Amino acid sequence: MGKSRLEAFSDGVLAIIITIMVLELRVPHGDSLATLHGVLPVFLNYILSFLYIGIYWNNHHHLLHTVHRVNGGILWANLHLLFWLSLFPFVTGWMGENHFAAMPTALYGCVLFMAAIAYSTLQWTIIATEGKTSLLARAVGKDIKGGLSLLGYAGGIALAFRLTWAAQALYVVVALMWLVPDRRIERTMSKEPQSK
Amino acid sequence: MGKSRLEAFSDGVLAIIITIMVLELRVPHGDSLATLHGVLPVFLNYILSFLYIGIYWNNHHHLLHTVHRVNGGILWANLHLLFWLSLFPFVTGWMGENHFAAMPTALYGCVLFMAAIAYSTLQWTIIATEGKTSLLARAVGKDIKGGLSLLGYAGGIALAFRLTWAAQALYVVVALMWLVPDRRIERTMSKEPQSK
Amino acid sequence: MGKSRLEAFSDGVLAIIITIMVLELRVPHGDSLATLHGVLPVFLNYILSFLYIGIYWNNHHHLLHTVHRVNGGILWANLHLLFWLSLFPFVTGWMGENHFAAMPTALYGCVLFMAAIAYSTLQWTIIATEGKTSLLARAVGKDIKGGLSLLGYAGGIALAFRLTWAAQALYVVVALMWLVPDRRIERTMSKEPQSK
Amino acid sequence: MGKSRLEAFSDGVLAIIITIMVLELRVPHGDSLATLHGVLPVFLNYILSFLYIGIYWNNHHHLLHTVHRVNGGILWANLHLLFWLSLFPFVTGWMGENHFAAMPTALYGCVLFMAAIAYSTLQWTIIATEGKTSLLARAVGKDIKGGLSLLGYAGGIALAFRLTWAAQALYVVVALMWLVPDRRIERTMSKEPQSK
């Protein structure tokens, strides 16, 4: 029931999140190269957040591909994920405007952490609906990548107050880990007779 | 005629409303935990409004599922609902920035009240089109939940100037009441032979 | 070729225009009823603009319903219409913030006028593609309503500097004229054997 | 796999980019014609950027029409293109607010250049997936128009610091070159037996 509207709504929210983040790049006063300097940290952070939203959209796209029936649990688990992702523009702006200071770096990690928890929740809600022998359950397996990400974000939060740059490096490393495309669902599917 | 575009447009508007509310979370100056303090009331209010828009999207999704023909009345009743929902970012920001003062709390209740009226109007417009023996008419029944919500919002507006916290608690309680998923339409449908 | 993407893109743009207009309702400082007073003119103007975008979405929806083939001309005529509609948030904000002063009222009329011209252009471009004996050509006929609207907007621009309130009244009257639903296309269609 | 969601997401992002650019047209204080004067450069630049996003949407629409299978490479090449296009509101605002000064004009050219590179990358990624004898490969051919555009943007960046107006004229000329609709894909397709 209504999987296409769930996808359309999620696509809409993700498209808006990824685009309004650019509004945090405030147009500077003055026309010299130096005035751009103040925008640079927000810009660098914008690239990282753009990457993360892109990764979430990509994975969300694969995840919903495996869903046959949408129920109330999936709807709310999905909204819960969108809630945490909707905080990206705020934490991206705060971290960028304060030139990657410790506290904003830690908060950025918290939002990354909670979004990852919400994604896992959505994943397990779908598996609970589709059954443990479902395509998704086999594709996800032990979800090592998801566990590593949570560790990375937690490490980043812990490091933020001592080695702030190391926390930021961890966030970048986790993003790059996801950029390597997640072929698990595609691979498991290609072994199946297609039902579409 | 054109139900899919009505859904797409509504999804678009709801996705934007739920996302631009986060723009009211203004990035604070300063990088300490204390500077986040000023944002906290807007954030708490953002959670409540996110929940409400999520509930409306969820219910709207079920409501339109029962529609077979879209006519001018349904189009305008739908736009009327979207109008009141579009005021959420404004009242959310005003209530949050004034730390839940009395007047913004009352106005928030007014918008909740008007949105609920608009949702009922849409519901009855659809029933008038589909017929009193339609799926939706039987599923909605006497619409006790809708009536209780209106009472809750009206109570909140009345309480806002005496017991402001009680008004806010009422808004939260009504939201939680709706979080319990509305199985009426799903239940009535599952008793039917599916026509799709 | 690609009519559904044309509709989806237009729906997206119209949904965003109708929603970001609310961002011109700046959250006021202070929590008394009096502080809301300053927002009132923008709010009243927001209602009018919301109505106009709703009318355009409604008519656009009917218009594209008659299209069978999308070509470059239709794509650009459609973008031209979206361009003028995208100026609604700006002129709405300017007119509202200046409490319906003469110059903003005239500019609002200019944008209404140009949007109406762009809508007619799109209409004639579609008729040129579909043929003069097409469904749309017969439904539109002499387009008296379109002509009256142009007259109304032109009258509003002329009146703005003398009787500003009369100009605004004209804009409201034209909007109400369109609220009476445009049954021409629906009526003409119902006489046809459906091909769909 | 999932071409429709790729289109829906891209449509969403492009619709938002083209619409939030208008937020850079800040509502001026004062109600005289003179106050509009300050907004004029941003407005002129808005028209140019609207045209460019329109061209990209149009071409993207044709490009994806030729795609049969979506893979990770295409997803990320598409996101890369959307990233550069998402910077349009920022550079449009910066160039407009500084009345077309040299540095913002050069930066505008850089974003145009990078977006064109990203578009080519997407094109070649699709051709690599679909095969060198595919419809798209034959339609694109040597892509002279794409090459000329890159030359135009590079020329604009070089000229920005000497003949700023000439740089801007180059950007306009390249846009007009694309307005002449790109019939290559349509033409090549019409020679084919349709498989749809």
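Read from first to last, the chains carry the letters A, B, C and D; within each, the first residue is number 1.
Note that a residue touches a chain if its C-beta (ideal position, glycine included) is under 8 Å from a C-beta of that chain, and two chains touch if they have at least 3 such contacts.
If you're wondering where the values come from, they're calculated on a predicted model, not measured in any experiment.
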item	value
Homomeric contact subunit A-subunit D: same or different residue positions, threshold half	different
Inter-copy rotation, subunit A to subunit B, in degrees (Cα atoms; steps of 5)	90
Interchain centroid distance [CA atoms averaged], subunit B/subunit C, Å	26
Cα-centroid distance, subunit A relative to subunit C, in whole angstrom	37
Subunit B residues counted as touching two or more neighbouring chains	8, 12, 15-16, 20, 23
Residue numbers on subunit B that touch subunit C, as the complex places them	1-2, 5, 8-9, 12-13, 15-17, 20, 23-24, 72, 75-76, 79, 82-83, 86-87, 89-90, 93-94, 97-98, 101-104, 107
Subunit A residues touching subunit D - in the complex, by the definition given at the top	7-8, 11-12, 14-16, 18-20, 22-23, 25, 27-33, 36, 47, 50, 54, 57-58, 61, 65, 179, 181, 183, 186
